[in-house]
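Remarks on the structure that follows.
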C-alpha cells in the first residue's frame, strides 16, 4: 500500500501522460467524461460516474477496421492498423471496471476481437467510491463500491491523499516507476482503507438481495410488467449508449468514389430498426419487445450465455432516462429484494 | 490560427446548384458568349431553386466543397411561379444559421441570375471563386475520412 | 452494377480544342458502372446518333451519358436517339461539357479535369435514373376564352372554325370590349364598329361558340387538357329566350345611371343594353340601380315587356365546365389619374381621357358624335393632347410605353379637324413612335394635312380660367415655356391590365409581371403561351398593343389552343413528384409550397399490429405537377421525391461532383 | 498484424445463374481459386459489396464442391439488389463460415424429409447434396419443395434430374397456384406434406421457408406424429456479425450465430417466441 | 400543487368512469425524488397513481401518436409547454383534436435535478416541495428552504406560455407570465467571431453520441420514418464523425425552423448537455427578425413561416457580415 498527496496529482498525471496516453475524467461545458490528459485539463476525480462510461475508450463508439478500393471489377481490402493499447485509464469507478470485465466476456471470447484485445492492454487505475449515489446499486450484483478486483491499481480517497494499491503485475510495474511520487502511508492510513470500503458499502442506501433473480428473470418473458413499462419509452439510445456493459454494434460502410472504409459502431437494441431484416420482417416489432430485450438481456440472457449479470449497477440509465425507466423496478419485479439502509 | 487555414496553390471546389430555366440557361449563355470564369465552378442542374434542400448543401460541404452557390430566377420571374420565393426564405435562414454554427457565410452564396445574364453569371462565379480562395479550404464541415 | 455507356462529343473543335478527349475517355471507362466510353466528332449528327444506337444494342447499355453541349440544346435529341434503340428516354443524362466547360475555360488541363468531373456526376446520376413513362390522358375538346373583346372574339372564332366548341366569357352584358368603344381606327381611319360588329355577330351566330356574357370566371382547377372551370353567370333579370330586343323596357325605365360604355359621359337606364350594336341584344337589369330591386317599387319594364321576358326572380347560375385549353384575353384599363393632379382631371369636365374623346367623337356616343365640349356643348377650338400620361413615368406611373397613344392621338388630331375644321390641335409629346405599317405616313398627315402642332415637352399644369383651360407646358425644342388657352384637354392615359388581373393570374396559376400584365412563357419564342401548359394569352392583358397585333396574337393563341385540342390525348411530363406513402407523415408541408395545387391529401387505411389505422398521406396529381421539386425540398422525411431529380440522384451528383 | 474477426477476404464471383425472376445463384471462389473456406451444410457466410454493406447467406453448395461456394440470393434489400446487379468476374468480400450447420452425425441412418419453400431450399440443398454424396449413411430421402408458381422453383435441374435419379430419393413439387403448363401438384407446402403423409418412424424433418410456411409445416408434422426433436430448421436470417458479439441475433438466451442457426423445434419451444 | 394533484386524480377517475375516455395520460411518482414519469391509466381505480409535483416534466402529447388512433378518446394533462407541442402535432396533422380531452395545468416552473445535484443538495434527499416561491428540500432528518427559481430548469425561467393555450378543462388558476429574455445565449454567440463560434459548436457536436433522445422527445419530430434513419438514400452515416454530427444537428434544427415550440425538452434530455436550445432559438430569432414574430404551437391554423413567403421578403443571404 502506498499513497499520493492530492497536491502532487498533477505531477503524477504529467508523468504518466509522458509514458502513455492518459485518460481521466474531465469536465467540458459542465459534462464530465474520460478524455486524454493535457496541460491545464479540468480533471474531476470527485464526481462519481462520468457521463459516458470508459467503455467509450476500450470500445469506441465507432472505429474503422478496413479500407477498401474498388476499381472496375477489382476489390482491394486493407486492414486498419490495430489500435494502440498502452494507455492508462485513471479514476475508473469500480462499477465501470466491472463493466469492462463484462465486455471482456463478449469481445475476448472466440473469435477474439483483436482491436478490443489490444485496447484492453491498457492499465486501469480505479478509484473507490466513498459515498455512492442514491441511484447506485452495484452491490446488488455482488460488486463493492470500495473495491475493483479487476483493476490494475486501486485508489482510495483519503481526503488529502489517495491511497494506492497495485493489484496486478502490470499495476505493480507502474507503481514501481513512480517511487518519486508515491509515499508510504502510516499504518493508520493503511487501515483506513478497510473503513472506507465498509462505509461505502454501508452508505449505498439500498440493500439488494438478488437471489434467484437470474432464474426468475428467465421466466419473465411473458410478465405483465412489459405491457406497461415500454409505453413511456421514447426509444432513444441513452440507456444503452451510457451503459458500461452494452456492446451491441452495427457495421457500416463509408465511401468516396472508389475508396472507402468499413467501420463498426455502437447500435442500440432500443432503436426500432435494430433487428429489422432486409425482408422487412422484424422479430421485435414494437417497443415492448425492445424494452423487454434490454432488461432480459441484462438479467437473464447474458447470465445464461456468460454466467454473470449484464448490469453493474452504475445507475447511469436510472439517472439519465428522460422518462425514468428504472431497471431496479424490473429487478424488483424479478424478485429482487430491497431494503433501505 | 484560423480553422480555415490558407493553403498555397489552393484550388477551391465550388458546387453551383442552378435552376434549369434561369441560372442554368444563364450559364449556357455565358458559354455561348465565351465568357470565361474559373473552372473551380461545377454546376448541378436542378429544375428550380426551390428543389435545393439544405441537405444537399451540407452534403457538398461534407464531401469536400469549399463553397456552394444556389442560383435561381429573379424574384417574380420564377418559371414555377413562386419557387424562388420559398428558396429565398430557406437560404436566408440557412446562411445565417451556418454562420451561427461557425461557418463563414461567404461559403454559401445565393444569387438570382436570369437566362439573359450570361456575363453576370460569369462575373458572379469569378467573384465567388476569388472570395473562397481568400477564405481557404473548408475544413469545418468536411468529413475527415 | 449498371451498364452505362458514355459518349463524348468533340463538337468539332468546340469541345475537343479545350478538353482532352482521350483522357476523358480513359477516365470515363474507370467510372463505376461504365462499360463503354467512346467519342464522335459530332454526336448529334447522323453518324453520332447511329453510334449511340448501335452501342446501346451491342453493349446492352442500360443507361446513357452524353458529354456534349447543354441539355437545353440536345437532351431531347438524345432521348429520342435512345428511344429509337429501345432504351427508355429517361435513362439518358447529359454532361454539359461545352457551355459549362470548354467554352468558358481556357486552360486545357483544368477544363479536362472539370469535364471528367461533370461526366462522373452525370454517370452517378444516370446510374440512379429510372425509366419513366409519360402518362396519357384524354383532352377535353372544348376551349374557354376569357374576355369578349376583339382578342377574345377573334380567338373564339378561330377555334370554333377549327371545329371545337368554345365558351366565350364576358364580364359585361355585351361582347365587343374596348374596340366597340372606339370611333375610328388608325392608320386607316375605318370605322371601328363597322369592322367589329360583323365579328360580334359571327361569334354569336357560330354554332361552336357559346356566349356567356354578364359572366365571370370564379374558380379554375385542373390542368392542361382538363381544366375544370366554374363560371358565374350573373342574373340578367331578363329571360334571353323570350326577349325580342324591342327596347321598350329601357325606353320606359325611369332610373338613369352613368353609362360605363360612354365612359360616364352619357346616361343609361337601370335596364339597358350597353350600346345599340350590343351582342347579345338583350337588356340586363342593373340591380344596384333598379327601383324594383332597391325599393320593391316600379316594375315598369316588366309591365311593358310584350314578351314577358323580364324576370326579377332570376338568380346567378354557376356553370361548371371542363376545358382542354383556355385563352386569356381580359384586355386593359386606363391608369387611374388620382396621382396626376397637375392635369386637373376630374376637376373640369373639359379635361378628358383619350377614351372619352373616342366616345365624344363617335356617332353613337353622347352628343351624336358632334364632338362638343362636355361643359357647355360648344365646339372646341383649341384642343391640347397630352402624350404619356402615366406611361414612361418611372416615378409616379408606369415605366413602360403604352405603345398606341402616339398613333391614336394623331388620329384624334385628324378627327378633330374633320369635325371642326377651324379647330387647332396641340400635341405635347416626349417622342413620337410610329413603328408600324403606314404609321409614320399617318402621323405626317396629321401634322402636314391636319396642321396638328406637335410640341416636344411636358405639360406642367392645366387649370381652368373662365370657360377656358390654361395649359402650361414647355417646348423643349425651342426651350420655351408654352401657355395654351385650350377648350379641351385630352389625356393619353397609360394602359394597364384590368384592375383585377392579379387575382385572375393567381386563380389561373399563371405568372404576372410587376405591373400585373400576364407573363408569356418566353418573350421571343413562346409569346402567346403562359408558363402554365394549356393557358394562352391574347391581347392587351399581356402588354400594350394595337388592334392588328391583338388580332394576330389572338389568332396565334387560337392556333396553339387548336393544336392542343386536336390531340385526343396528351402525354404528361413524367418528371413529376411521387410520394412514398410508407414515409409520408401527412403533414402536408408539400401542399403548402406547391404552386400548382397539384398536391392533395388522401386517407389511407393500413394494418398496424393487427388493427386498422387510418392516416393521411399526400397525393400528387401527375398532370397538374410541373416538376419544380419545391415539395421534395420541403418534405422532411424525404417521402416526396421528384422523379428525374430525386433525392438519391442529387445526393449521388453531389458526392460525385465533389470527388 | 492480427486479423480482425470482421475482416473479410476478397473473392471472385465466377458464375451467376438466374434461378427465378428474383433469385440468382452465385458461385464464389477465393482469389487464388477453390473455396474461400471449408464448411459444413447449414453454415453461412457474410457477403459484402463495399460501399453498400454486408448480408448473410446460407451456403447452398455442398462441401464436396471444392471449386467454389454457391449462394442462392433473393432480391430483398440494398445488398441483394446490388449483388443482383454485378457481373461474372466481379470481386466481392466474404467472411465465414458462421453457425453450426446441420447435425449431420445425428442424421446418420435416418430417413430424411426435406421441406422447403421458395428461397428456403438454399440451405437445405447443401445438406441434400451432402447426403447424396454420402448416400449410404442415410435412409430414404424425401424432398418436398414448393414455390408460388412454377417459374419460382429454383435449382430446377437438380429438382427434376439429379435428385430423383439418386437411389431412394424422391422429390415432390408443388406450386401455390396452378397455371397453364403445370401438371404437377397445386397447393401449399404444409398441406402437401400432410397429404403425402410421411412416417415419423426413424425420420428427421428439415425445413426452411417463409415463417408462415414453417408455422403450418410444424403443425402438420406434429399431426403426422413427428416429435419436436425430429424437426430442424435454420434461422440464419437473424444473424448480423456472425461472431456472437453484435448483440442482434439472440432469441432469449441463445445466439443464432453461436448456438444456431440450425435448431430443432424442441429447442425453439424453450425459447421466447421472438423468431 | 397537492390540491391540483387531488383534482387530477378526481378528474381522471371521473372521465374514465363516465366512459368519456378510455385512457388517461398523466404522471406517476417513482422511487427516487426526481422520478415523475408518464403513466397510462385505463382504469379509474388506478387514478390514485397520478401525481403532480416539481418533476412532472415529460410532455405527454407525443404519446398520442401511438395511443390515440386506436382509442375512443384520450385524456391528458398539459403544462404550458406541453400544449404548444400538442398544437404543433395538430399542425402536422398527427393528432385529432376531438380525440384528446385536455386538462390544463398552469405551471410556474419545474425543478432541474441537475441543479439540485450541482448545489450538493441531492444526497439523502427525499422530496422537494414548493410553497409560493420557496422550495423545501426534505431529508430524513432535516429540511432546507431556498428560493425556487434557483432550481428551475432554464427553459422554465424563459417560459412564455406557462398557461396552456389549448385545453378542455383548466385545473387551477392561470399563473403570471414573467419570462426572462430567451435570446441571451444566442446573442452572446452572435457577438463572437465566426471561428470562436465554430470552436464552441465543434466542442458541443463532438460530444453527441447520436442517442436521438432530442429527436425522440421532440413534439415537432413526428415523422413516421426519420430521414436520419433511412438507409436509402443514406443521408446520415452511423459513425459519429464530427461532420456527420454537424449534419445531424444542423439538419434537425433546420427541420425545426418555424416549427420548434421552444419547449426545451431536447436540451433537457440530452445526456451530454448540448445546448440545443440555442440552435432552435437562433432560428426562432431569425424568423422573428426576417418574417415577423411567429410562435409555433400557439395557433395550429397559422401557416408556418418556412412553407410560405411574402413577395417582399428580404433576401437575407445578400447581407455580408464581416467575419
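Assorted remarks:
Letters are used for the chains, namely A, B, C, D and E, taken in the order the chains are written, and counting of residues starts over at 1 for each.
One rule holds in what follows: a residue touches a chain if its C-beta (ideal position, glycine included) is under 8 Å from a C-beta of that chain, and two chains touch if they have at least 3 such contacts.
Only a predicted model underlies this, so the values are computations on that prediction, with no experimental measurement involved.
Think of each touching pair as a link: the shortest run of links from subunit B to subunit C has 1 of them.
The chains in contact with subunit A and with subunit C alike are B, D, E. Taking the mean of all protein Cα atoms as the centre, the chain whose own Cα mean lies nearest is B.
Ranking all chains by how far their C-alpha centres lie from the centre of subunit C, first place goes to A. The most distant chain from subunit B is D, comparing centres defined as mean Cα coordinates. As a whole-number value, the distance joining the C-alpha centres of subunit B and subunit D reads 53 Å.
In whole angstrom, the spacing between the mean C-alpha positions of subunit A and subunit B is 46.
As a whole-number value, the distance joining the C-alpha centres of subunit C and subunit D reads 67 Å. Computed centre separation for the pair subunit A/subunit D is 39 angstrom, with centres defined by C-alpha atoms. Touching of two or more other chains is recorded for residues 593, 634, 647, 651, 655, 659 of subunit C.
Shared interface positions of subunit A, defined as residues touching 2 or more other chains, are 70, 250, 252, 254, 256, 267. Shared interface positions of subunit B, i.e. residues touching 2 or more other chains, are given as 55, 59, 63, 76, 82, 86, 90, 143, 145. Taken together, the subunit C residues at the contact with subunit E in this complex read 582-589, 592-593, 601, 608, 611, 613-616, 634, 636-638, 647-648, 651. Interface of subunit B with subunit E (complex): residues 2-4, 54-55, 58-59, 61-62, 75-76, 82, 85-86, 88-106, 108-110, 140-145.
For subunit E in complex with subunit B, the residues that touch the partner chain are 186, 189-190, 194-202, 227, 235, 241-244, 246-247, 249-251, 253-254, 257, 279, 282-283, 286-287, 290-291, 305-307, 309-311, 313-321, 323.
Across the complex, subunit C is touched by residues 70-72, 256-258, 285-286 of subunit A. Taken in their complex, subunit A has these residues touching subunit D: 65-66, 68, 70, 73-77, 79-82, 106-107, 109, 111-115, 117-118, 218, 221, 246-253, 255, 260, 262, 264, 267, 269, 274-275, 277-281, 283-284, 289, 293, 296-297, 300-301, 304-305.
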